[in-house]
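Take a look at the structures below.
One chain, chain A, links the two complexes that follow: it is found with chain B in the first and with chain C in the second.
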Partner chain A sequence: MTDAESPTWRIPPRWVLLVAVLSIVAAEVGGGSMARFKVELTRWARDGMLAHPKVHGLVGVRDVDERILDEALVKFDAGLRLFHMHAEGMGLVIIATSMVAATVIRSVTTRRAIIALLTAGGAGYPVGYLVWSVLIPSYGLERAKTIAEWLVWVPFGTATIVALWCLAGLVAWSMLERRPA
Partner chain B sequence: MTGRAILAPAVLAALVVVAAPISSASAHHVGAYVPKDNAITTNFKQVKFSVQAGKYDVAIRLFDSGALRAEMRAHAATLPAGLEDGTRAALSAGDGPEVERRLMIFFAALSRNLALEADRQIARPDATAETRVATGRKFLEAIWRYYNLVDFAVASRDDKASVALRLAFDEAETYVKSPAAGVTPIDPAGIRQPLQRMAQVLSTLIASSSPTPRRST
Partner chain C sequence: MTNAGPHRPRRDHEFVIMSATVRRPPLAVVLVALVMLALGETAGAAMSRLKPEIQRYAAARVAANPAAHGVSGSAEYDDEVRDRAIFTAEAGLSFFHLHGEGVGLVLFFSTALVAAVVPSRRARTVLYMLLTLGGLFPLGYLVYGAAVLELGRDAGTELAERWLLTPLGISAIAGLVGLWLAAARRRP
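After this line comes the complex of A and B, so read on.
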C-alpha cells in the first residue's frame, strides 16, 4: 500500500472535541481557583473536619489532632491538584485517541462505541479526584476515597481502559491486514 | 519504509503505553503524606541548632518569639517550677548543657502528659476495641514525635530511663499494630499498662532532672 492509498487522518466528532476542550478548561479553572482561593478552601475543609470529629478520629488533644488535620488537608489539596493535572492530561488523551479511532476503525458502530467510551471515561475519570477532595471533610480520607472509587474512578477508568485496549487491538489488526503477503 | 508504516506501530505503542499503567490497581494514586514538624518541634530545632552553633543571641530571640516559650507558659501547671525562666536564664548565660537539660525536661513532660491522656481515653468504658487501637496509635505517634527529640539527651543522663521508655513504647506498639491474617487480635486495653509505665518513667526522669526547689528560710 502506498501513502496515496492509505487513509488520511480524520478529526473526531465535534462533541468529542468540545468535551475534551471543556475538560482542559475545567482543569485550568480548577488550577486557578486553587491558587486564588487557597486560604478559603483550606478554611472550609478545616471547618468541615472540625464539624465531624468522630469521622476523622479527633481526640481533643491539639498535639494529636493537628497531625490528623494536617494529613487530611494535605490530601484535600492533593485531590484538587490531581484533578487539575488529570483533567488537563485526559483532555489531550481524548483528542489524540479519538482521532486514532476515527481514522483506523472502519465499522461505524465499533468506532462510535470506542469514541464514546474514550470521551466519557477520559472526561469523567479526573472528576473523581474532585469528588474525593470535596468528600474528605465530611466522610474522612478512606471513606471519601471509597465513594470516589466506586462512583467515578472504577466506572470511568474502566471505560477508558477497555476503550484503549480495544483501540490498540484494532490498530494492531489493521497493521496486520495491510502487511504484504 | 513509508511514513505511514512507521506511524502505525508508533500509534500502537503509544496506546499500549497509555493503557498499561492505568490498568494497574495503583491507578488511583492519591499522593503520600509526610508528617511535618509542628510549631513546637520546629522552634525546638531552631533553638537547639542556634545553641549548638554558639549563637545564643539568636537562640534567645527564637525562644522569646517562638512556640516553645508559649507552650511552657500554657503547661506551667504540669511543669517543674521555674522551667521557663531557667531556660531563658541558661540561654542568656550561654550555658548550652543547661538549656539542653531544661528542654529535655519540657519534652519529657509533654510526652508524659500525652501518655496519661492516652491512658485516660483508652480506659473509657464506652470506647470500642477499634477506637482504642486508633486512639492508641495516634497518641503513640504524638508521644514519639516529642520524646524522639530528646531521647539522646535522656540516654546521656539516664540510660536506664531511656531503655525503659523505649521498651514500654515497643510493647505499646504491639497493641496497635494490625494483626496478621489468622492471628487473634490482642486486647487493645492492654496498651494501658505500657502507657502507665511510660508516664511513670518520664515522671521519675523529670523529678530527678529538675533542680531542687530552694527552701524558704
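After this line comes the complex of A and C, so read on.
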C-alpha cells in the first residue's frame, strides 16, 4: 500500500526525540529553578555586577548605580525566562518538524540533513538566552548579547529557519508530485 | 507487545499493549502549520536583527499618514504619538512571532489528533478546515501591526480584530471544540 493511499506518520530517529525531550526537561527545570532560587540567582548576578563595576558603568553613587543594577537584573531575569519559554517551545517544534521530515522526505541524505539542522538548531537556539544571562554580570548587557548572538543565536537560529523553509518547500513539492495528472 | 512474560500463559483479563500505525493529516494542512512556524521563526529573527530598520520604517509610515495618527504639529505631542505607534507596530510583530510558533504547533498536533481519532471522513474534513483557518490566526497580528501604521491605532486595531483575529480565532476554537466532541463520542 502506498503512502498516498494510507497516509501515516513515520517516527524520527530516537536521538532526535531524546534531544527534544531533554530540551523540554531543561526548560521545565529552568522554570522551576527561577521560581525556587530567585533570591540566590539575583544575589549571584548582583555580586557579579558589583565585581565588574567598569563593565556596567557603575560610578559609586548609590542612586545612579542602583538604577543601572536594576536594569541589568531585569535583563538577567528576562534571559532566564526566555530560555524557559523557548526551550519548551523548540522541543515541541523539533518533535513536530522532524516527524514531518521523516514522513515526507524520500531522499535519505536530504532527510538526515534537514532533521540534523532542525534538531541542532531547535535545541541550541534557546541555550543562547542562558548564555546571555550568565554572561551579563561579567561582560555587561551589550557585550553579553553580542557574544550570545554570534556564538548561539545566529548559527542555531539560522539553521532552524533554513531547515524549516526547506522542509516547507519539500512538503509543497511532495504535494505537487502526488497530485494526479 | 504484551506485558505477559514469555513462560507464563496469558490470561484473558490481562492488559495488552498494542501499537498501531497512526494516520496523518493531509499535506496541505501540515504545510500551513510548517509555514506558520517558519514565519514565526523568521519574524523573531527580523525583530532582533532589523529592529532599527523596523522602527525607522514605522516612523516613516506615521509621518506619511499624519491625519490617521492625529499629528498636531506640536513636537512634544507628535513624538508621543509616533512612539506609541511604533510600539504598537513592534507589539504586532512580537505577537505574530509568539502566536506563529504556538498556533503552528497547535495546528500540527490538533490535526494529527483529528487524523488519528475522528472516524468520519466528512467530520475530519470540516475539522481540518476549521483548524487550518484557525492556524492562520497569527497573520492577524501582522495585519494589526501594518494597519496601525497606515490607518492609525484605533482604526487599525478595529480592522485587524473585526476581519481577521475574531473570525480566525473563532474558527480555531470551533475546530478544537469539534475535536473534543469527536474524541468524547468515539467508541473504543
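Quick note on the criterion: the second predicted complex is superposed on the first by the 175 of 181 C-alpha atoms of A that agree within 3 Å, B and C clash if a C-alpha of one lies under 4 Å from a C-alpha of the other, contacts with A are read in each partner's own complex, and residues count from 1 in each chain.
Convention: contacts are C-beta pairs under 8 Å (C-beta built on N, C-alpha and C of every residue); 3 or more make two chains touch, one makes a residue touch a chain.
Since we're looking at a predicted model, the values are computed, not measured.
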Clash or fit (per the criteria above) of chain B with chain C on chain A: clash
Partner chain(s) touched by A:147 [first = chain B, second = chain C, both, neither]: neither
Contacts of A:41 with chain B and chain C, given as first, second, both or neither: neither
First, second, both or neither for A:24, with chain B first and chain C second: neither
Touched partner set for A:92, first chain B, second chain C, both or neither: second
Which superposed partner A:100 touches (first chain B, second chain C, both, neither): both
Touching partner for A:165 - first (chain B), second (chain C), both, neither: both
Partner chain in contact with A:63 - chain B first, chain C second, else both or neither: first
Which of chain B and chain C A:120 touches, first, second, both or neither: neither
Which superposed partner A:78 touches (first chain B, second chain C, both, neither): first
Of chain B and chain C, the chain that contacts the larger number of chain A residues: B
Overlapping segment of chain C (options 8-16, 26-34 or 80-88) - the one that collides with chain B in the superposed model: 26-34
Residues of chain A that lie at the interface with chain B and also at the interface with chain C: 6, 93, 96-97, 100, 104, 149, 153, 157, 160-161, 164-165, 167-168, 171-172, 174-175, 178
Sites on chain A touched by chain B in the complex: 1-3, 6, 57, 59, 61, 63-64, 66-68, 70-71, 74-75, 78-79, 82, 93, 96-97, 100, 104, 128-129, 132, 145, 148-149, 153, 157, 160-161, 164-165, 167-168, 171-172, 174-175, 178
Chain C-facing residues of chain A, complex: 6-9, 89, 92-93, 96-97, 100, 103-104, 149, 153, 157-158, 160-161, 164-165, 167-168, 171-172, 174-175, 178
Residue ranges of chain B touching chain A (in the complex, touch as defined): 2-4, 8-9, 11-12, 14-16, 18-19, 22-23, 27-28, 30-31, 33, 35-36, 38, 40, 110, 114, 117, 121, 134-135, 138-139, 141-142, 145-146
For the chain C and chain A complex, residues of the former touching the latter: 21-24, 26-28, 30-31, 33-35, 37-38, 41-42, 44-45, 48, 101-102, 105, 108-109, 112, 115
